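Quick heads-up: structures coming right below.
Heads up, the next two complexes both have subunit A, just with different partners, subunit B and then subunit C.
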Partner chain A sequence: MAGLAEATASSGQRRWILIAIVASGIWASITLDLYPALLVPGQGGLAVVTEFFSYALSPVTTYQSKVPEGTKPLAAQALLAAWHTVKFAAAAMGLSLVGGISLGFLSSYSLMIETRRGITRVIGGTIYAIARLTITLMRSIHELLWAVLFLAAFGISQLGAVIALALPCAGILAKIFSELIDETPRHAAHAAEAAGASPIQIYCFILAPQALPNILAYSFYRFECALRSSAVLGFFGYPTLGFYIAASFENLYYGEVWVYLYTLFLLVAAVDLWSGAIRKRLA
Partner chain B sequence: MLSGLQLENVGVSFEATRALEDVNLHLEQGEAVALVGLSGAGKTTLLHTCNAMVSPSTGRVLINGQDLSKISSHALKIARINIGFIHQDLSLVPNLRVIQNVVSGRLGRRSLIGGARDLLFPAGDVTERVYDILTSVGIAEKIYERTDHLSGGQQQRVAIARALFQEPQFLLADEPISSVDPVRAEATIALLKTLCAERNITLLMSLHNLKLATTFFPRLVALREGRVVFDKATDTVLPSELEAIFDLTESSPVSEEARDFEDRLGGRFG
Partner chain C sequence: MNAMTLPELYRARPRNLVVRGSLMAMLILIAGVWLSGEFLDPQAFTDKRQENVARFLNELRPNPLQSASFDVTLALTWAHSIMQEKGWDALRITLAISFAAITLAGIFGGLLALPAARNLTRSEPFVINRTTCSRMTNLIWSILVGATRLLLIFLRAIPEYVWAFLLLALLGPTAWPAVLALALHNTGVFGKLAAEVIEDLPAGPLRSMTGMGASRLQVAAFTILPLTLPRLLLFFFYRWETCVREATVLGMLGIVSLGFWIQDARARNFYDEMFFLILLGALIVLLGEVISTWARWHVRRAS
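== the complex of A and B ==
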């Protein structure tokens, strides 16, 4: 009977949490004056929206503006911008993975604290706390804000842009990796520990392989995010898709905008297909 | 220096629960001993205490005369390299290949880079040694299979192969036949006994199955409620001593088995 009373109390608690979440959502919407009627555009706005979306169904194949002699064809320009977008994202992802895996190890509770004893537990606990703090700092600042900071510090620098993308991504990967590792069943890890394996060997060869399908899935998702952020870097002057989207949009060349948007869509879809195929093979 | 595995007045407590109390045990090099008792008697705790995965609250555990509670983390790691452990749940990495699981048994003897090489690009001699051990446990053809694609019995053999690949001086086995059928259970115990004898490995195995314990092990250590009830040669165990560890008044499967064993002993003495 005590068990039933406990389960009922827990269920009641969950219900109240759900009610509190919904109530706070409604309260926030009211205080922000979010009314559905505001979504109806004005006369001028409606015309712009209609024109913009009409190009979605009939994207252009050539430039809408007059371009100088020797300018690359629109499709080639879009592909080149996509290539730059991928390069920035890939470089950032490479850095993020190195940072994420390293910090993920240092911020794993089970590896830094649970499996250690004596003075190594104290040292491990200190490193764990510092790593957690670093991760929180890295991911609490958005990549675009990092980009603004680096732009102010170094000007248009490709290295600055890559680091700006990599910093929050590495922080998020480290947090997710450490949680995935901590949630991985520990039987095999205990067996390896009992056979004299070191914590770093247990992390790399016992826990990481078990968490690998989830780690890969999340890494691919973050690569998608990096692609989108890399595209947006164009708004700051880098030669990624965002640069051409912004330029075309400002000149009201919506047909060109859609060409670049569809290129971005295809990039993300390709990454999704690629990750799906890899995950299927690892499952 | 004293050789073998020795427990002196070992007691283990988990908060208010006393899991082991005043346990004394000495295993000579190459000896094979079965640890019997009901569930919750303290068999698993005792095995975990032997390799310092559980620290004794009182007493001490000595491996070749070395007190495990008084050595540095590095020395403990070295000591553990010489102690193989076959876990009840097998504790394999399901999505690794058989060869990788077997090789992981020797991680303690390898550096980070060396371990990575063994797991990802094993040298020819490493592969050969794994193949030889898998041949001895009868699943050599599965060397490159994913471990979770094997049957329960085959996975059990992978766990045995991993422990043997570690080249331990001592082997602790916690109910290693819990997930296989009776016929395979007998074959597995026989195989383990033979392999340990060939390699002069000290074997301490916890078993529920009294018949297998008495058939294959010359020495029995019986536990009840964390205490050693008897520790003697199997041939000298008296029926009345069984009553002290197994509640024969209950009609549980274990009690049935204990009664069966008692009948066999009675027959022998009668």
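== the complex of A and C ==
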């Protein structure tokens, strides 16, 4: 139990954190000129805002534009875009699982350093440092920035887009995987070590299986994030939901925009519920 | 405990149909997508492509160095001029957007978490001996919970980038669209996390408050807030990290954060500058991660 004096001291520390948050919020609103008055749109703007949000309650069921004969119905088009979104996300997820697991392997303290002795400890430590640096670089560059880089290098390419989605995701997965494995209890590992197991055996048969439920749960959560990023890739010309949101919005077909927004919402919400159900069972 | 043989132990291992089915479905989906060959680009390794990529990689080097041998001072002057011209300003704006957005998200997410928490938003919360309430009252309270949760899911299902795109056209070119876009998405995330924390609170302190006659709002302000504050602060800093990450790219839509200058450099084919600014973005994301880890460590230690 913390004594009264310690409790007071700790709440004093927290007070400074709260003060810092408020101060940075105020600094930010001054820097950005965030006047509430700017939020109120002018006469013309107000009409657009009202029109846009009125379609939220009454999204259309057919195209608002004149479309050529034989175009897919709007609902089918939305579903197709959703399917493309899922495909990009799944392809990226496959790559990042492979990358995340292998890099997670190399950036795991318990495999590369803790269980090793002598010269292999030095070599393991070096590989560990390089792997850590790599995954840090991978995840600190946003997927859209990777996409911009690949667009500049390869032009528009579906493979480039998938790799752009996969890189930061693999970096995050590798970091989380290695941390989950490093945090698993050590009793069984010590027993296996005493029985003469090699570091790789300890890692693969003791530490990794114990962390597996958490790893699975986290991977499903990441799939949800990959879906959202995949939808945004549409803004760069790929056939995912973002492409249709942008196109309809720029043509002022707000009813269609809401159809695509609700499709995205249903897609993400479904995966959200799905991964939630899995997490609950694995916990 | 009865001793079990290895095969018996194996057969008795925990199995769950949902988990196994989901795993199979996911693996089949991934395998199917890759085997369909849609993402395998046969053009990727032609000579022409490789030539283009080689040229592109060459252009990533700072411009003054492309024709000269490596020289540190030359590279530093080049970097310094970019930082003076746009780098520092872009960093300042990116940080400011993330601060403003997370502050708003913290306020709104915290407020929306109250009606989303099932243990608070119900008829007669935290009462041991319930008097029977009419079906109607119970229904109204659960509708309120459901509606709030639906709103939170909707807010977080739409990516920040999409929110910013829509708001930019609706509100015009101020900093508000970027700030609001980040705030809306994170309100959804923060609200959900905070509601879960409230639902996991021990019932004791809350019951004693209602027992003394405190109203819902009083319980929220004087018991729930102090009890949940440490956890909420952890989530707050964790979400701030992602805000910094997203604030850099929102600039690509035309708000003057880092992303704007990255897009600008790309449009002018200044790939060296673009690459430099992308690395600058990575640096600020890392910086955010370090600050957030430090702050969360302090919060943990203080609680």
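Basically, the second predicted complex is superposed on the first by the 229 of 283 C-alpha atoms of A that agree within 3 Å, B and C clash if a C-alpha of one lies under 4 Å from a C-alpha of the other, contacts with A are read in each partner's own complex, and residues count from 1 in each chain.
Here is the rule we use: a contact is a pair of C-beta atoms (placed from the backbone, for glycine too) under 8 Å apart; a residue touches a chain by one contact, two chains touch by 3 or more.
This structure is a prediction, so every number in the text was calculated from the model and none was measured.
Once the two complexes are overlaid on the shared chain, A:Val48 sits against subunit C while remaining clear of subunit B. In the overlay built on the shared chain, the residue A:Leu264 is in contact with subunit C alone; subunit B does not reach it. In the superposition on chain A, contact of A:Gln158 is made with subunit C only, not with subunit B. Touch criterion not met for A:Pro73: it reaches neither subunit B nor subunit C. In the superposition on chain A, A:Leu282 makes contact with both subunit B and subunit C. The wider contact with subunit A, measured as residues touched, comes from C rather than the other of subunit B and subunit C. Counting contacts as defined above, subunit A residues 282 meet subunit B in one complex and subunit C in the other. Contacts from subunit B toward subunit A in the complex involve residues 51, 53, 73, 77-81, 83-85, 87, 89-96, 104-110, 112, 115-116, 119, 166. Interface residues of subunit A facing subunit B in the complex, by the touch rule stated above, are 117-118, 120, 187-188, 190-198, 200-201, 204-206, 209-210, 212-213, 282. Residues 10-11, 13-14, 17, 21-22, 24-25, 27-29, 31-34, 38-39, 41, 45, 48-49, 52, 86-87, 90-91, 93-94, 97, 136-137, 140-142, 144-145, 148-149, 151-154, 157-160, 162, 216, 220, 223, 228-229, 231-232, 235, 242, 245-246, 249, 257, 261, 264-265, 267-269, 272, 274, 277-278, 281-282 of subunit A are the ones that touch subunit C when the two sit in their complex.
Those residues of subunit C lying in contact with subunit A across their complex are 16, 18-19, 22-23, 26, 29-31, 33-34, 38-41, 43-44, 49, 52-53, 56-57, 92-93, 95-100, 103, 106, 153-154, 156-159, 161-162, 165-166, 169-172, 174-176, 179, 229-230, 233, 236, 245-246, 248-249, 252, 259, 262-263, 266, 271, 274-275, 278, 281-283, 285-286, 289, 295, 298-299, 301-303.
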